[in-house]
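Look for subunit A in each of the two complexes below; its partner is subunit B in the first and subunit C in the second.
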Partner chain A sequence: MSTHTNMAAKRKATDSRTETDAAKGRRRSPTRVNPALYLFPLPAVAIIAFFLVMPTLQAFQYAITDWNGFSATFNYVGLDNFVRAFTKDSLFTNALTNNLKFVLMVVIAQTAFSLVLALLLTKNSRGSILLRALFFFPTILSSVSVAFIWKFIYDPNFGLANAVLGGVGLEALQGSYLGNNSQALYWVAVTQVWFHAGQMMVVYIAGLQAIPRELYEAAEMDGAGRWQQFKSITWPFVAPATSIVVAYTTVQSFKAFDLILGIAGNPPKQSLDILSTRIYSTFANSEFGYAAAQSIIFMAMIALVTWLQRRLLRLTPKGE
Partner chain B sequence: MSQISRRQAIAILGALGFGATAAACAGPGGTTAPGGATGPAAPATGAVTGKVSFAHWRGEDKAVFDELIKRFAALHDGVEVVQDISTSNDYNAQGLQKVRGAAIGDAFATFRGAQFKNFTEAGIYAELKGSKAAANYQPGLLTAGQSGQNQLGLPYQVVFPMPMANADLFDKAGAEIAPKDWDGFLAMCEKLAASGVIPISWPGGDVGNGGQLFNCMIANNAPVDDMCAQIEQGKLKCTDDWFLKMLGQYKELVPYLQPNATGTAVEPAQNLFSQGKAAMLATGSYHLAAVRGLGAKFPIELVFPNTSDGSGKFEGAYNATFILGVNSASKNQAASAAWIDFLSEPENAGYYANQTAQHVAVNNVEYTNADLKRLSPWLDKKTALAARFQFQNLDVRNAVEASATAVISGTSPEQAAEAAQKIVDERL
Partner chain C sequence: MLASLSRRAILGIYAVIIIVPLTVVGFGSFKSTQELFAGPFSLPQSLSPSNYAEVIGGQDLGSSFTNSVIVTAISVPLTLLLASLAGYAISRLKGFMAWAIFGFLVLGMAIPAQANMVPLYVLFGRLGLLDSLAGLVLANVVSTLPIAVFILGGFMRTLPKELYEASSIDGSGPWKTYVSIALPLSAPSVAAAAIFLFVIHWNELLYPLLFIQSPGNRTLPLALLSFQGEFQTNYPLLFAGVILASLPVVVAYVFLQRYFVAGITAGATKG
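On to the complex of A and B.
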């Protein structure tokens, strides 16, 4: 009763304001607000403009120069830096190839692994919660710590991996790991998956727990097996979560800069050089203009791969 | 207070965005450092007081510098020296950007080679020719800090990028510690292997430390002393016979390295040596303190892998680095120069040397550290200035050195050389 009275009073007050505005000869726009409100986002806008927008725009300008990072003078070189990256720089194309391979390996392995873990640990039992915490634990470590832990594991002389293999009589499988150029990237991919799979598992668990139980009960009554239930209920329902996992893992894998530098040193050898480490090496080599061009290619590559993934995997329902 | 519409707000934010864009369009480049336009000038004189930032990468030397700072401050009232230390990798990559403008690094150090060259081109060094400090250095070692007629930096440390040897293991194996030629070196390795130890511990998984062996391997193989500079300029090639011969010699070392050497980081390589499992550590004398810290008690010598047939020009390799300088943009050049003068005095340089187990380029220093004393004769031998620091382009340096690592991991010398030359050619 009192709610109705309040609403009526408010409506009356609004009507009387509108009448006053009309009497003054001006119509009040529904989008007009107190200008002080627009001051609130200004600090955030200023910070973003200064630290994000301006450097990004500057990168576009630097990318068409031969600036070395410290000279007062420079030359505009047009698109030469972009042409050089793709046609005259095998270190860049090698880093690009490595990065795409790394992304592919990590996205597939991490998505699959985190989904399997989530499926096994969806129930809120004590054991599941403990295991979830355990699998999530690497996520809270710093990437440098993770790099050093795995550097020790992979060391061929004192490392855990070879020690375990030797201990169980599998000396034949002992290897050089990061020292083997044809395998090094795979071993770093293993580290990356170990590092982040727990985090993605949490995203999947949230998605899985939102699926109504009734659907599974109905499917069971209809005689659907485990695989059919997964295919027809679980997978479609976790598609939005998969979309997040795939996109996030892609960006993460492109930017595995600190992990690579920690595990492979600076500069990393060619078999472990990815785009972000290559850009860093180019900056360190006092080729700021060229490094800026590489950075723009890097940005474009992440955007393109993420867009392609969403298109090809059709993970996002139409209209979203 | 008047009200504005959403459209007006968007217009305001758009104007801000346009302003940001315009600001972003300010071209790269910047002000030329004081020394850049007119050539370097000597540091300003004046009272030795105020704060001096000393930028360098030797975190392991912090305590020693702290003690020297204390002694310096005791001599000058009101002066304060603070150390701005980065890791060597960061310093190598970003040192110039950090020191430029002198927000930090009133006094600073640089690596020999590309970094010294970039600092020189950026006009960051003040002129130290004729300074009190420069007079204390061995003239032959000062060249690493010269650019044209200018003495811009003072190379403080002298290191020997040659394999360190466990003299006890050599004695036990009956191996000659100073082989005269390549056959002698291989025979020495063979004796060590026969005695049951790994002849050489080599950190092939660490580009920087693994590359030090290159200085020895190339010294007597190259036809000229500035071979790396000439490779970078395209005058010499990695596919030349002399370079292929060197890669062939790297291949001959494979049986004498620890298993999976290309995957070994520097710390495990040091451990193999300090635990007496390996007879040599193929990095350099700059790891003396580190291996002692790991518990090595045996006498340490240096071994030069002499690649010649006995007629080689050089008996070893050295590097003069940690090039001290005064920042031309510093607001406190008098105190900064005084700090460099102080470090360059024999007594203080001696303290630094003996505490950090590094030789220095300063004259009349008394080495009391047992390892330094033992290795001091190397200061008088005919050693080659470490060649890898002639490279000005780090991509070229890494590619050329990577050819040696590739050979050790099984690639043929010809293929490894071609791959390296391709990268050099792309950067000519």
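On to the complex of A and C.
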């Protein structure tokens, strides 16, 4: 059937060729485009408007109510939910503090470590390509899978970490990892870096490979040492990659929801509660208005931290 | 000399930190709990699939697997279709409109799904989409459409305009040009985006957790998460679940590694 219409369309197109040619001057002027083109983005625009933009705007409305999610009525409570989050709810401030700590640790550790891996694997040798594929591998796993693997590594009684330490005679360093509330968050940060460092390494390798080799040759002729070369060539040249890595890692570690739930259970204990898991718990507790207010604080935090990083990164000297 | 030694040491140690846990999980999925705890690093005494039988049959991971396949198999192509249609239009429209449509669609990347859970849950409730696979498909499409538009639209904008012009002189309408010119020429970018979406949709946990109530509608990540409470330290069962949940992605990674790196990195650098 469609072939038939196609052929008909083609015939018609041939018949009216002369007419089309005459009209071409007008048709191809930069201001006129085929109006049918406006239909193409329509489904995507409609879906985003209805299921993403509208709900987000609605979150602002819910945030100033005490709605519980099912009753027909609710009261507008002004900024009470926001005041409650920051002044009366230690569970929320605890999650906020944990989240900021987690982001800071992961961003520093993952950026540094992925850069080191990239520096060691910049050259396209066979071994490098193989190791890159290996280091990238954890990124493709699901967070829950990664959480289970590391739950076993950290298991205080049967886990791999303590087994290895015991095997090499370092019993003194054995610990209870996630069981130790003052350390649990650090160990999850280690897991997060293991999970995604390979991905960020790939971003850095692309940046490193774009640096012209002549620069290093010239620097070497000038007698610059390795550290000097890193400081004055490599670091300024990978600055764009660094800002990508930092920005992405920040958002990624703000959203470590799946990993935390997988490793700590649902709901997670306080020492491992972060903003997204807290919002989920508030939501599950049928406090929809309050959860919406927490969501808005969450979005604002991501925006604030990202903005701060942009400012800080701009302060670092580039290629003096 | 020293530098090369420390290079080898760092790379070697990190390779071990990745390979050993994965091997332990692979071997462990065939062991009993006692066997795993007695020798986590040793080869399994037998390749008895009893843990797999238990999670697939006993815990119904099989139906979760099917659900995951259905959801991913629909949501990935659907996202690609919508995103490529939009990206194509953006690459051909000029001036303010192109910019406005692109900006509107891509702006969504700034809204984290986790910040949207309350209103989306309410909306899905009103539309009767809770506890259904259709709802999961829609949620996947919504959450990844912005980044897919960014990747595909960004690529399509680099296609030479002359190709489009030549095609419209030949009498092809916009649809025909999309199918026969824009899509085939964007194949590498579509492949990269497809892989990116596949990994995200296959591993998605938040939406199933929010929306799904009946065990029969669970996807793999949600089913796995429920293991965490049930089997506390029955690691061999957890490991069998991990292997089953990871298998399709791992197999794809082995064969399509180049696209994985391109796709997931495109998602990262543009996200």
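In this text, the second predicted complex is superposed on the first by the 282 of 320 C-alpha atoms of A that agree within 3 Å, B and C clash if a C-alpha of one lies under 4 Å from a C-alpha of the other, contacts with A are read in each partner's own complex, and residues count from 1 in each chain.
Please note the rule applied: contacts are C-beta pairs under 8 Å (C-beta built on N, C-alpha and C of every residue); 3 or more make two chains touch, one makes a residue touch a chain.
Remember, it's a predicted structure, so these values are computed and weren't measured experimentally.
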| task | Mind working out whether A:Val83 is in touch with subunit B, subunit C, both or neither, as first, second, both or neither? | result | neither
| said: Is A:Phe257 touching anything from subunit B or subunit C once the two structures are fitted on A? First, second, both or neither. | reply: second
| said: Tell me the contact category for A:Leu170 with respect to subunit B and subunit C: first, second, both or neither. | reply: neither
| Where does A:Leu313 make contact in the superposed view: on subunit B (first), on subunit C (second), on both, or on neither? | neither
| Which holds for A:Phe288: it touches subunit B only (first), subunit C only (second), both, or neither? | both
| First (subunit B), second (subunit C), both or neither touched by A:Asn34 | both
| task | For A:Ala210, decide between first (touching subunit B), second (touching subunit C), both and neither. | result | neither
| said: Applying the document's definition of touching, compare subunit B and subunit C: which contacts more of subunit A? | reply: C
| said: Taking the superposition on A as described, I'd like to know which of subunit B and subunit C A:Leu120 touches: first, second, both or neither. | reply: second
| message | Just checking: does A:Ala133 make contact with subunit B only, subunit C only, both, or neither of them? Give me first, second, both or neither. | response | second
| request: Return the residues of subunit A at which the contacts from subunit B and from subunit C coincide. | output: 33-34, 36, 38, 45, 49, 53-56, 58, 62, 69, 151, 155, 157-158, 261, 265-266, 280, 283, 288
| Contact footprint of subunit C on subunit A as seen in their complex | 9-10, 13-14, 17, 20, 24, 28, 30, 33-34, 36-38, 40-41, 43-45, 47-49, 51-56, 58-59, 62, 69, 116-117, 120-121, 131-145, 147-153, 155, 157-158, 160, 163, 194, 199-200, 202-203, 206, 226, 244, 248, 251, 254-255, 257-258, 261-262, 265-266, 276, 279-280, 283, 288, 291-292, 295-296, 298-299, 302-303
| note | Seen from subunit A, its contact residues with subunit B in the complex are 29, 31-36, 38, 45-46, 49-50, 53-58, 61-62, 65, 67-74, 88-91, 151, 154-159, 175-181, 261, 264-270, 280-286, 288-289
| For subunit C, which residues are in contact with subunit A within the complex? | 3, 7, 10-11, 14-15, 17-22, 24-25, 28, 36-37, 40-41, 82-83, 85-86, 88-90, 92-94, 97, 101, 104-105, 107-108, 110-112, 114-123, 138, 141-143, 145-146, 149, 165, 168-169, 171, 173-175, 178, 199, 202-203, 205-206, 209-210, 220-221, 224-225, 227-229, 233, 235, 238-239, 241-242, 245-246, 249-250, 253, 257, 260-261, 264-265, 268-269, 271
| query | Which part of subunit B faces subunit A closely enough to touch in the complex? | reply | 1-7, 9, 12-13, 16-17, 20-21, 23-25, 27-32, 36, 89, 92-94, 96-97, 100, 114, 118, 121-122, 204-208, 258-265, 268, 271-272, 393-395, 398-399, 402, 405-406, 409, 422-423, 426
